[in-house]
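Dropping a structure here in structure tokens format, bear with me for questions.
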Amino acid sequence: MGTGLKPGLGTFSVGGKTYASQLGIKRVRGDYVNIIPLSGRYMPRQGDTVIGEITDIAASYWLVDINAPYPAPLHASEVPWKVDFGDTSRFLNVEDVVLLKVLSVDEAKRIQVTMKERDLGRLRGGRTIDVSNSKVPRIIGRKGSMIGLIKEYTECRMFVGQNGRIWLDGSMDGMYLAVKAIRRIEEDAQVLGLTESIEVMLREATAKKA
Amino acid sequence: MEEGKLVNDKGIRVDGRRVDELRPIKLEAGVLNRADGSAYIEWGKNKVLAAVYGPREAHPRHRQDPARALVQCRYNMAPFSVSDRKRPGPDRRSVEISKVISEAFSHVVLREQFPRATVDVFMEVLQASAGTRCTALTVAAVALADAGIPMRDIISSCAFGKADGQVILDLDKAEDNEGQADVPIAIVPRTNEIVLLQMDGHITKEEFDSGLKMAVDACHRINEMQRDALRRRYSVTADTHEAVKAISEGV
Amino acid sequence: MKDVVSELLRDHIYKMAASGKRVDGRAPEEYREIKVRKGYAGNAEGSARVDLGETEVLVGVKMILGEPYPDRPKEGSIVTTMELIPMASPTFEAGPPREKAIELARVVDRGIRESKAIDLGKLCIIEGEKVWIVFIDVHVLDYGGNLFDASSFGALAALTNAVVPASKINGEDYPLEVEHHPISITATKIKDVIVFDASLDEDRVADARLTIATDENGHIRAMQKGLKGSFTLDEVDYVVKTARKLADEIRPKVVG
């Protein structure tokens, strides 16, 4: 392409030419050309906030499904409590839902997660839904506009994990409407004027109830 | 058409095709709910569905490759896909086809990005009518792209062969049964590398050369259809056109 | 593969159901959209592709010449198989059918067999020597809940589409006669609440399941209770009554 850009995420380079390795949208950032994927599994990156489900438990760690190709171990040293060896089940159990941060991902794609920061922890009540992680930016919207809209109309509390898992809690009707809106965004992620059409949908649904 | 002839003197075949003509192909990406990626194809009278799961952790653990992902393909024929009912489950033929297709995809999937993982590709033949392995590979490549699996290219496949002494493209059922040779291939369209090649029958070196050229050309036409199916799946924005182009033509 | 459902989702689905609502907005007795495409698999004697919401199955009927069982020399036979292929769900594994697939196949088979949908006597060609064997192969393509009903709708639809290949024995092909139309309806119990046509998530948290196949006269032709939970007598009464009502609504969509 002769612009002197370096191959970034979602690309590979042969004979001085850069190609996309995934279906995605081209974005130039600094010296790099990146491909923002339109589909595909979530790959954890350091600093991501993720919502996980505990799938297994060992003497000194929990195994957490974070929608990635690999399960993420949460070590007893990475929770805000003092956990004695073999005492893990007193704190968290299989089928619990947790809000975590990705601490590190090494070359071999081994993932470490932590629960030791503010706002992280076990999520109680409400429900989760899984969406394609490539749709997460659309669901959050520019500067949080989309998610703000959903929260406002449905009066739900929500966390959006970068791994495509969303937690929400509110009234039954509120949660139902929020999930409907999220599914609609997922379906129409590429459509122009999405924020407006979602607002119309939310407004009509809440007006009917009132 | 003369009695019993597969190709007439004018080079026209029983179904009206020229020697270098493909059967009609219809492709659609993103057709299943559960799979990470999926696609459906009708190629002549073949109907094949493909689904991709992964990358996900490989099980059992001893099968994991610590340095790269496995690409595990399963080609399967539904019991009612053929005229004589096929017993459910894998037979020696489908195990072999699964193996050569797995190897073809292993060449293009960027496996180093997912150590210890597996990318599982399932191909279900729902209606079979000659050339199911090429059909299955072609639709599976679209399902892999739909699943967002990083790849060097979307690979494409078709067969050439020989009937009535003539080299022909994309054999149909009669040509496959009564012809003299069948040569399925798959290529990486960007580089023309061969990633699958099988042959049974009897042909000369010259016939092989001309048939191979015919099949490689056809693979490029098929690749355009594969890319078109992906464009339609992710349509609506102008960006998508560019996204598909970036895979084969660079950014 | 083990399927872990979070406690949170389990509670949510129950709370919704307990208040007479469902996660996808349906009423407790409401079925998802049913789409039936007959004659889909051209190499089969009969076939149907059935969409039940997010669930999709393809059923093919093959008719093969064979010998009758020695104790039933004047009857053909029906064989129903089911494959939960790994394409359909991340929790399905390749390999020979396990107990779940076998139970499914047997329940579908019973609905067809016990309703006498196919007169086995009419499948006899030469007494004691030659009969038609009807293979009903159910291929699950996409698992989105309630496989029992989707599969049995598919089986009945494929049979009503089947042609007996009598030209193989120097006769003339003719449509397979389907004498009764059994429709299977499945109730799913989540704690103490009953819903019909469970979605994937409802299936995943189900405690008990009750499938009732009834014919066009409202007679019960096959039943199967599944999973580790139980039903009270009143609940069984409710499920049977509701199944008869729902079957009548659904039958025309399947038979066409």
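Going in written order, the chains are labelled A, B and C, and every chain counts its residues from 1.
Following the convention adopted for this analysis, a residue touches a chain if its C-beta (ideal position, glycine included) is under 8 Å from a C-beta of that chain, and two chains touch if they have at least 3 such contacts.
In this text the structure is predicted, and so the values were computed from the model without any measurement.
With centres computed as the average of Cα coordinates, no chain lies farther from subunit C than A. The chain pair sharing the most C-beta contacts is A-B.
Rounded to whole angstrom, the centroid-to-centroid distance between subunit B and subunit C, based on C-alpha atoms, equals 33 Å. The mean-CA centres of subunit A and subunit C are about 37 angstrom from one another, to the nearest whole unit. In subunit B, the residues that touch at least two other chains are 56.
The multi-chain contact residues of subunit A, meaning those touching 2 or more other chains, do not exist; every residue touches at most one other chain.
On the subunit C side of its complex with subunit B, the touching residues are 1, 40-44, 47, 54, 56, 58, 60-62, 64, 81, 83, 85-90, 94, 96-97, 135, 137, 139, 141-144. Within the complex formed with subunit A, the residues of subunit C that make contact are 2, 4-12, 15-16, 19, 21, 23, 25. Taken in their complex, subunit A has these residues touching subunit C: 53, 55, 65, 94-97, 123-128, 172, 175-176, 179-180.
Chain contact summary for the complex, subunit B toward subunit C: residues 32-35, 45, 47, 49, 51, 53, 56, 59, 74, 76, 78-85, 88-89, 120, 122, 124, 126-129.
Partner subunit B is touched in their complex by these residues of subunit A: 1, 10-12, 17-26, 33, 35, 37-41, 69-71, 108-109, 134, 190-192.
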